[in-house]
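For reference, chains read A, B, C, D, E, F, G and H in written order, and residue numbers begin at 1 within each chain.
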Amino acid sequence: MNTKRIVFSGSGGQGVITAAIILAEAAVIYEGLNAVQTQSYGPEARGGATKADVVISEEPIHYPKVIHPHILVCLTQKAYNNFSGIIHPGGLLLTDSHYVKQERKVDARRVELGMYRAVMDKIGKPIAFNICMLGAMTRLTGLVRAESIMEVLETKIPVDFLEINKRALEIGLQLAETHQ
Amino acid sequence: MAVKDYLRQRFFPQIWCPGCGHGIVMANMIRAIERLRLKKDEIVVVSGIGCSSRMPGYLDFHTLHTLHGRALAFATGAKMSHPKLTVIVPMGDGDALAIGGNHFIHAARRNMDLTAIIMNNSIYGMTGGQSSPMTPFGKKATTATSGTIDHAFDFVGLARGAGASFVARTTTYHAKEMIKIIAKAIKHKGFAVVEVMSQCPTYYGRKNKLGSAVDMMKRFKEGTALIGSKKKAKHPDLIERGIFVDEERPEYSTSYLELIERLGNSTTY
Amino acid sequence: MRKKRKLAINREWCKGCGICVAFCPKEVLVLDEQGKACWAHPEKCKNCGLCELRCPDVAIELV
Amino acid sequence: MRADVRFMQGNEAIVEGALYAGLHFYAGYPITPSTEITEILSERLPGTGGKFIQMEDEIASMCAIIGASLTGFKVMTATSGPGFSLMQEAIGYAVMTEVPSVVVNVQRGGPGTGLPTSVAQGDVMQARWGTHGDHSIIGLTASSVQDAFLMTVEAFNLAETFRTPVILLFDELVGHMREKVVIPQPGEIEVVERLRTSVPQGTNYHPYLVREDGRLPISDFGGVHRYNVTGLVHDMWGFPSSDPKVAYDLIHHLVDKLEHRADTIAHYKEYFTEDAEVLLISYGSSARSALHMVEDRRKRGVKVGLLELQSLWPFPGETVRKKCEGRSHVLVVEMNMGQIYQEVKKAVSKPEKVFLANRFDGVFISPADILRLLNVIQGKGV
Amino acid sequence: MAVKDYLRQRFFPQIWCPGCGHGIVMANMIRAIERLRLKKDEIVVVSGIGCSSRMPGYLDFHTLHTLHGRALAFATGAKMSHPKLTVIVPMGDGDALAIGGNHFIHAARRNMDLTAIIMNNSIYGMTGGQSSPMTPFGKKATTATSGTIDHAFDFVGLARGAGASFVARTTTYHAKEMIKIIAKAIKHKGFAVVEVMSQCPTYYGRKNKLGSAVDMMKRFKEGTALIGSKKKAKHPDLIERGIFVDEERPEYSTSYLELIERLGNSTTY
Amino acid sequence: MRADVRFMQGNEAIVEGALYAGLHFYAGYPITPSTEITEILSERLPGTGGKFIQMEDEIASMCAIIGASLTGFKVMTATSGPGFSLMQEAIGYAVMTEVPSVVVNVQRGGPGTGLPTSVAQGDVMQARWGTHGDHSIIGLTASSVQDAFLMTVEAFNLAETFRTPVILLFDELVGHMREKVVIPQPGEIEVVERLRTSVPQGTNYHPYLVREDGRLPISDFGGVHRYNVTGLVHDMWGFPSSDPKVAYDLIHHLVDKLEHRADTIAHYKEYFTEDAEVLLISYGSSARSALHMVEDRRKRGVKVGLLELQSLWPFPGETVRKKCEGRSHVLVVEMNMGQIYQEVKKAVSKPEKVFLANRFDGVFISPADILRLLNVIQGKGV
Amino acid sequence: MRKKRKLAINREWCKGCGICVAFCPKEVLVLDEQGKACWAHPEKCKNCGLCELRCPDVAIELV
Amino acid sequence: MNTKRIVFSGSGGQGVITAAIILAEAAVIYEGLNAVQTQSYGPEARGGATKADVVISEEPIHYPKVIHPHILVCLTQKAYNNFSGIIHPGGLLLTDSHYVKQERKVDARRVELGMYRAVMDKIGKPIAFNICMLGAMTRLTGLVRAESIMEVLETKIPVDFLEINKRALEIGLQLAETHQ
């Protein structure tokens, strides 16, 4: 596998950092890859814009930040506006159709999925929306196996919430499946 | 003037989380100032560091955002050197009573004419929900995940014990009362402290399963009672609201001006 | 009789915390689709100003 | 046995390293970007029978760990810029009283409150000189989560070996970055235990009598030797003295025990240095960008190498001098206005060949930033 | 054992001025320890900086002479890490309540089992007679040559307000009472503070024309009365002596050990 | 008019200098050996209509003077080693917020509580690097009571000119020594007044907009311009910003406004330097012993000279380099383990020619101590 | 009856503050020529120990 | 006048530092000379040994300390024991016969005066003993004029004590007179 650079962007409460961590952890612990995850915060801000970077590679990873992501996920319009320009040519741009209207042209595969809607429909509240997104993303890219994500969820998520998270993951996988 | 007219509107919407009580304190502090007809140019607002301490940046006064815990020391210098200024010090509970505890008790002892408004949300909001000296025994925080074994300060007892000449408590639910009390505190000649119980739904609320900002404010309504009220008499466990201390004592910067005069001198300030 | 004032809601500043809604004595306010406060039943509003006094975001004003 | 592979944050690895080294007592006060250390330890320590206390401020935290260390335990505190400034008086006290202690400073942007959530390496000189009076100190750093673990263990080892406070000078990026860590098995890497005195009860014990190997065995408070500890200049019994001879010997000892060993206790890593014409010197997270750039250039046949410093204080001047010998250029890569750059210039024989690639605007320095400088010094323009 | 047997006699005669009250406190603190039959090896004495803080150097215990104002923070670390130790903290009024005020109120709040003995001579002795937060209003000091305009702390009020579970006051004149009170304070499970009014004839006495050490001690005799005594009732202005607060509250290091147990673990200490 | 000749202590002269410069507000906390400054000002200030306040500690003292300075007055605090360490966070805040302020550190023996009543110059590097984050600072010193007066006036002048805290780094000997002082008449030496903005009410005032000459006019709190002051990285209006460009410009400005002027704002004195083969470099009280020795040697025809530094920070490296050019040896005389010695070595073209004559045992360095070193480096043995 | 104890005065440690002298209920003590405490009237001493308890210099002891 | 180095030594309460200051101030303000005064303290000690140095000269004075005093005054036995060895050959050693027994041989003019006794006799308390010593010393050495000392006393001493100090000065002058 070549080095893959991923950026998750969105706003404070959406769990983009958690998603990034889970992805990277899955790569490291269950796929034997190297992965580095970083993030940037606003200026001590609460609930501001968030951006989480993940680099996954078979090689050691030195520079840990992502400048031109192969995979860019934007979960708010603001994130989309800020970051859609930095995508690596030929990369994948994934957005949620509830939050983001893709407007600009980018040299990348553009995927809009109704993840938020699907979660609201099937789970009833926007909980685990980030996991749904992760499901969709992994299915679209094949970066890591869905089982690896599952394994991480099992160690990370409090039992009470595990079922919901699993379902969200499934929803994401299916959405991407349908799309493909 | 409307509240808005006292704000640096270009920084709005402000940084605080949805439902954070600090915004309610800010708006009602402005209303108190409006009620007292103070001029903007006469007012200096000094804060430390914390969510609460971001307040000055939003206010169209002379504003000073200092170091964590040190606001009262900066304010003491400003007031002492220029006693005509009205100096107001919005503080967090951590800012005022953890790292800033010493400046707090000494400001109370000296009785310099400063108004400290302590937004007590029982937590360190800015740094993400660690326990503060106002976190009640047993409550949870990111540094006390099994419930804190620390005892909280009795705010009123501490302020009174340290010698504050005006001590009051209110909550974000009791907005009208807050305006009245803050106005009185500002008018008070001497060190005045007002504890405003304020909700941090993001950390304190979430960690302790207290529900939304609305739920937390309801708790302020139900869990408190006016000093000497029937409600308090019936439910002695309720937290008291109102003015606990309101005494006249020599004010520090005035005493100093008198000292200057006694020595046969005068000062331009 | 004092003229009844209108409620101006600054949608840019409103963060949808729901405080004004919950504590309005006349159940005048609701949160709309986008989660912003909305003066849904102006006729019931008694101009008490409590919503304004409790809004953390200076987003609601009687004008 | 299967290796204990984990995925964690730098701040978490610091906690793991401290626990591996035997941390028993931690006192702290939260501050971005080191807060996670305090938070995680509040949960972990009681679970290991250790003690956690959240103090009223950073001054109290530093003082509390010194008090705890004297009762015989391994201790640590963690903070960032403003809190580190507040600790300076007490850090000097720990230097003077030779109390083993570990102080983590996860650096953020300064001066003042600065840029609390941004990466920076601006406290390097402060770590060396922040307290008043002549003294020396150990300062370590790391560029990866794995090394954050290892350097934390090493910090405890050096603190115990030399009876001194050790500063762990990480930066926001390393503190918050998550990556793979292999936690060594117990015994797999060395853990230096406190050297306790063998002097029996009833026999005169000298808490400040330096052994021939430079070490000073300790007796714990609560043990059978009752002695005195003071931050005043003191004699070998720990009692205040203003005898110039005593003062001279003490200050000399405090400085020499570290400075004279600077190069032997230094930790560093080398990449492609053997035949490098241009040597990059970096440390902390910026060394990652430097290495990225070096590997990238090597692929293009450019002879550059990297010396990654993990010991910043005492500055391994002799090591740096030797490694820089014969290079066409030396390029120091750091995220401040040239704090280690100045040290390198002092150390080498050709200071005019030393250049600086830096950032101090809160943005993590990138390989491209460094490359730009490399091109300039190689006369290739910008 | 005799008092002498608890001393590091080679440092005698000690450094304090003739008639300084601090020596009286030291000797009677030893008598209290003797009375409680504590072992020397169990006792850690931690001080800050000041004349009073020179005490540990003279005592044959584990002794720690720290930084000005920080003694309680060091002591907190020592006690928390090794709860079996008896930790006693002799302090000056400046040390405890000026620079050290924050550690003082937090130690009181936490209720860790430490005994703080505050030698209140109303002045900074060590640095040559500057006013302290315990210098009464109007009294003179080298930084208040026309009489201080600062208000002094009400020691008992402050300690109580901060949450101390044992608060007492005595004087160097009342030596027997001092022994009893200090012994009780040490035995108390929790944070105990004893204010001992102590004379500094060299600075406070001289600056305020209070005569010799003997004269100053006479004033302690005449100017104080036991809590609830007839003397106090007759002369309400007299300063009260005795035990003001003596309450049982969860002790911090014990609560922590309980927490460790609750988590299913144990500690060697 | 008859000259106003007085006989006074260094600490007293600092007070006189401050009052001459227009000191209005002083906050302090007593500590040996700077206590007299606090004591004397408590009596003098109310007599001039100025304000004195004894704070609860040194942190509060430093914070109070910053608060007072913002209301438009000249301010000062004074302390010694331990107190200076405590002030570091707030000093960094004054640097970041560009608040004119003067901080006196009458040095004593360190580290820790050290030797409170002894002479030392061990806080020199701390004055430069004591606070966290990249920054620069002005540090002045003096070797006589007269110069203590003059440098204090200069400290206020530089604080006002550059909107910065200025450190007055005296030592115990200068602080406590008594000698003759001629107090200048009012107007006799320059006093720089605060540069206030000329922007009228209602027009946008930018508290942090640097003028072409590098200065930033101030508007006082209580005046007609209401602005914000924060220790966070801030824009020209004084509001927090994390824009890298803003951060870059601000940090650069803070450092460059002083470092780029290091040699032009430097104060120093020269004795017998013209034809000196060996150049002594010293500062503070140790410069007196150096000068004594130089005069003594000159009587014997030995070509030695003295460069007495009065500005230590920003270090006047270019001046030092030039003055050292062509000497056979340079001998730095100081009372620490070589703090300025290291700076001199960095500055000169032949660092191997630079030697150190020092003491750090609490005893004032004597001409004989220096002579011994001189003999050694001249190959005359000991 | 309990044996009457003697008063040992450590002249090296005594600083002559006069506290023991002033507060001895029986006026047993005086300061001598060199300003040191002296058990001048042992016969009057009632062994109350107050001098010992109040001596700041641990210079006086009933033995 | 050649440079003269003077050391006053004694214990805490004896006012040796004050004496040194008065001497140096007299030289500077009323004799147009240069003078530097320094002292050393014990380790933060109260009432310990004190030593005050004065250097007086027509030339600028650089090194301010006194290593070998031309004039050494010792007011306690301890001070005498500590310092009598450092006197400059041919210097003057002045002690008070109440406090000090001169035992050792020194290459200096040795003067023992009953200053303490004289003050006790004539003033009744040991107040201004240091000024008496100063009187004797100036008369013995001619370092500064007695009038200059008087002038300093007038600006320094609270009026209530001025008379006593003047008398003490006189007593010292006379004692030295008689001795000579």
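Rule of thumb we're sticking to: contacts are C-beta pairs under 8 Å (C-beta built on N, C-alpha and C of every residue); 3 or more make two chains touch, one makes a residue touch a chain.
Everything numeric here is computed off the predicted structure, so don't read it as measured data.
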Subassemblies held together by touching, subunit E left out: A, B, C, D, F, H | G
{"item": "Graph separation of subunit C and subunit E (steps between touching chains)", "value": "2"}
{"item": "Chain pair whose interface holds the most contacting C-beta pairs", "value": "D-F"}
{"item": "Separation of mean Cα positions, subunit H and subunit F [Å, integer]", "value": "36"}
{"item": "Averaged-CA centre spacing for the pair subunit F and subunit A, given as whole angstrom", "value": "55"}
{"item": "Centre-of-Cα separation between subunit D and subunit B, whole angstrom", "value": "39"}
{"item": "Junction residues of subunit A - those touching two or more other chains", "value": "42-44"}
{"item": "Touching two or more other chains - residues of subunit B", "value": "16-18, 20, 67, 98-99, 101-102, 106, 133, 146, 150, 256, 259, 263"}
{"item": "Residues within subunit F bordering two or more other chains", "value": "32, 46, 56-57, 59, 82, 89, 93, 112-113, 115-117, 230-232, 240, 242"}
{"item": "Residues of subunit D defined as touching subunit A within the complex", "value": "5-7, 32, 115-117, 173, 176-180, 285, 288-289, 291-292, 295, 364, 366-367"}
{"item": "Contacting residues of subunit D [partner subunit E, same complex]", "value": "24-25, 27, 46-51, 53, 55-57, 59-61, 63-73, 75, 89-90, 93, 221-224, 226-232, 239-240"}
{"item": "Touching residues on subunit D, where the partner in the complex is subunit B", "value": "29-32, 35, 38-39, 42-43, 46, 52, 54, 56-58, 82, 112-113"}
{"item": "Subunit G - residues contacting subunit E, complex", "value": "12-19, 22-23, 50, 53-59, 61"}
{"item": "Contacting residues of subunit F [partner subunit D, same complex]", "value": "59, 81-82, 84-86, 88-89, 92-93, 95-97, 107, 109-118, 120, 122-123, 125-126, 128-135, 230-233, 242, 244-245, 247-248, 251, 254-255, 336-337, 339, 342, 345-346, 360-363"}
